[in-house]
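Residue numbering begins at 1 within each chain, and the chains themselves are lettered A, B, C, D, E and F in the order written.
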Amino acid sequence: MSELTHFDRNGNAVMVDVSKKGETERMAVARGVIKGNAAVFQAVKEGTVKKGDVLGVARVAGIMAAKKNSELIPMCHLLMLTSCGIEFMMHEENHSIEAVCTVKTTGKTGVEMEALTGVSVALLTIYDMCKALDKGMVIGEICLLEKTGGKSGTYRREDESDD
Amino acid sequence: MSELTHFDRNGNAVMVDVSKKGETERMAVARGVIKGNAAVFQAVKEGTVKKGDVLGVARVAGIMAAKKNSELIPMCHLLMLTSCGIEFMMHEENHSIEAVCTVKTTGKTGVEMEALTGVSVALLTIYDMCKALDKGMVIGEICLLEKTGGKSGTYRREDESDD
Amino acid sequence: MSELTHFDRNGNAVMVDVSKKGETERMAVARGVIKGNAAVFQAVKEGTVKKGDVLGVARVAGIMAAKKNSELIPMCHLLMLTSCGIEFMMHEENHSIEAVCTVKTTGKTGVEMEALTGVSVALLTIYDMCKALDKGMVIGEICLLEKTGGKSGTYRREDESDD
Amino acid sequence: MSELTHFDRNGNAVMVDVSKKGETERMAVARGVIKGNAAVFQAVKEGTVKKGDVLGVARVAGIMAAKKNSELIPMCHLLMLTSCGIEFMMHEENHSIEAVCTVKTTGKTGVEMEALTGVSVALLTIYDMCKALDKGMVIGEICLLEKTGGKSGTYRREDESDD
Amino acid sequence: MSELTHFDRNGNAVMVDVSKKGETERMAVARGVIKGNAAVFQAVKEGTVKKGDVLGVARVAGIMAAKKNSELIPMCHLLMLTSCGIEFMMHEENHSIEAVCTVKTTGKTGVEMEALTGVSVALLTIYDMCKALDKGMVIGEICLLEKTGGKSGTYRREDESDD
Amino acid sequence: MSELTHFDRNGNAVMVDVSKKGETERMAVARGVIKGNAAVFQAVKEGTVKKGDVLGVARVAGIMAAKKNSELIPMCHLLMLTSCGIEFMMHEENHSIEAVCTVKTTGKTGVEMEALTGVSVALLTIYDMCKALDKGMVIGEICLLEKTGGKSGTYRREDESDD
């Protein structure tokens, strides 16, 4: 039960054998947050309206990274994503920007890692584009919100509020 | 002062012109944390000793990702890293694993993003290899600890304890 | 009717959801042209015969680029190409070299972009290998000649002669 | 004089030896055009204002492709770009969109190919995002406008108007 | 019978058309060997036990390279690997280290090249990590041990002992 | 003396710190051999003359792989190659094809791995293109012939004949 599936019985890392698994429709949603100072928050917020669309660039970066996931995470299988999108929510109260990445595939394994990678790279891109304003930004609360499909079925994160 | 340097005066994203900057020795240190349940923590801890070296795989993934940084973050310049390493600290008290990535270059821009990307992908790899034990793991506290070199000089994060 | 399918209702770029589409056999043919001076035309023509096979290198580059298409075009889905080839025609009358790229897949979306990317990179490679002879070469007339398969069915470009 | 520099004396393709060349500041500007129907032109034009920023996505794609140039064009040297930007001009009169890509480096060879690749992928991205409106779009007039630096010095395209 | 399948009737390289082939379960096993001096052999052997896990890094590199195979070998089709693992055997008698890579897919073509690429890059990684101890290491005996699935059926290398 | 330089004192893999090393001109030559049956040898030999240029494709693949070396070998530094070429020799007596890859750079570390990777991928490409004729081909004798430049100076393999 408490075994790491990515290692064989000799402790060697392996790409898990999914050859006997059927192709099913799968979906995963991940999210994460970046917190900066007021200048960052303001610049990103204005940028989306009239100049310097930080979130637009970050969205493209996140989607492209989700597609690259299997090149980044060593034991991940390549999957053909059938859909990928990233939404951002601006939280004025604590100057944080939340990213939510939703990924779908029809395949033999799930797309949790694609969604998490998409979120991570989108947030790193925001950091990059705003770091002249605040080097102290922190990226966090990166987690899986939901997954559906596959043998292990549906997972839904219970309480988001106290990560 | 509060300008986004990655956009031109028309608000178009650009790779910042660093052609006039000199090549200097630069260094950056970033860190981040992943928190899982007791089963994850135990498996990773034992793995490093006798079987299933999760951290060894995560370290390789993080270093390779740091080298790939400019392919992931759209406006980042390619830099030839002169050094890259990742260390992990196991924090028994809250079942968290901390990753610290140190990157060096001799170049015209800094390696903050390389260090942050290295940390992020190392932590995502831990998530991937342990997600069979706990889908609720959270990655967070990803931030720049320190940078040296370049015109903007040295940055050192002041208080780590309350991110 | 006049909607851009790569954006959601909020105007955010998304990888279009094709999860409900069936896998069908699809094919696309694209072409393009590069025009140089007489020296370029002669060098390429002789090269294919006895030394310096410019078109051989360009063909390999184009095929490899077609496979990389989803890494280059942000909202493109990854597809497993079942066939890819590039043919060149030398047009003596205006010193132009025409490239035609044919791509097939069995998948949920079409391979128009793969064929167009294959043509583009093949022509760019010719430019690269001949630019010492003529920096003024022009690449043009890149267009889709034909596509088959998928819900939108067959497309055939009507009149090639007046692009 | 009329020799192809990318082949050795036996006609084998080689990456040209630039080991004895000094590092100089270099710049290149390339451009290209995509022509579609009125629906495409209108959608792109409106998109930049309020929803569906086609040009924003295309710009990111082009810049990322310029950085990838040496992976696409077989005999190109890797160069560390010090600057890269893409501008678009909307030409109402013929429903064409022009892309101009400017690239800089400090290196041993020029960045003509990077600029041309940046333009090509930016235009291909526009094609991709608008192809639901018009499959008949044509990409053309891709050429080098200007280069500076290096032993071969400055090149400036003489007459743009009659490509 | 004795035709090269990767060329069309004009002698042009093509990615072979597999669009009419069915998807079947396929497997391939390849192996190879690296021979170094006693210092290399000892360092690798001890490393796996207590410090400097050369084989752990080489295994990750080999698995990641197997996934990248279609980017490296020009006419290879992209395949979604359903499994990939690499085992190492230490041969004390001649200071050689043997790598065996096993790859599976469900697809239209076989995974021989993926297995061979996995082995090659794993052995190159060992070379890289040990080259400070012995630049004279030799990599060899890289061959296909077995393949199953597909129209050409099963292949099993007959006599390993005298390569 | 017998230490693995790619591990720190805790046994963790690291990209070796070369930040204090000067940039010097470096060169490396590697070679390897593939042996097939008579049909393979004949097909490759004829191919280079009139149709199906196996070696032309393999050369392009090898050069492109040499440029990708740092993406494949985890602890390798990225280097800007100033030259790369691959030559093939056909050995009629034992139906073997020899590949020799020569790489240059001006940098802080050597290009041995680039040359070895170039050779390996060139030979794998020959295997791929000829495997319909002979699945039993063996790749071997991959080794460094020579390196110059850098602190460790010149290395020259002494006796090629008995690998």
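To be clear about the criterion, a residue touches a chain if its C-beta (ideal position, glycine included) is under 8 Å from a C-beta of that chain, and two chains touch if they have at least 3 such contacts.
Every value quoted in this text rests on a predicted model; they were computed, and no experiment measured them.
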Given that chain D is a copy of chain F, what angle of rotation, in degrees and a multiple of 5, matches their CA positions? 120
Thinking of B-D, which of A-D, E-F or D-F forms a repeat of its interface, with over half the contact pairs identical? D-F
Taking CA centroids for every chain, report which one is farthest away from chain A. F
Quick check for the class: compute each chain's Cα centroid; which one is farthest from the centroid of chain E? D
Please work out the Cα centroid separation of chain A and chain F, and write it as a whole number of Å. 37
With chain centres taken as the means of their Cα atoms, state the distance from chain B to chain E in Å. 31
For the pair chain A and chain B, the C-alpha centroid-to-centroid distance in angstrom is 16
Multi-chain contacts in chain B: which residues touch at least two other chains? 13, 53, 56-57, 60-61, 64, 68, 71, 74-75, 78, 80
Looking only at which chains touch which, which shape fits best: line, ring, star, complete or other? other
Return all touching chain pairs. A-B, A-C, A-D, A-E, B-D, B-E, B-F, C-D, C-E, C-F, D-F, E-F
The answer for chain A against chain C in the complex is residues 25, 56, 59-60, 63-64, 67-68, 78, 80-87, 104-106
Can you tell me which positions in chain A touch chain B when the two form their complex? 2-7, 10-11, 13, 32, 39, 42-43, 47, 50-54, 57, 60-61, 64-65, 68, 71-76, 112-113, 116-117, 120-121, 124-125, 127-133, 135-144, 147, 155, 157, 163
Touching residues (chain side chain C, partner chain A) in the complex: 8, 12-19, 21, 70-71, 74-75, 77-80, 107-108
Mind pulling up the chain C residues that touch chain F in the complex? 53, 56-57, 60-61, 64
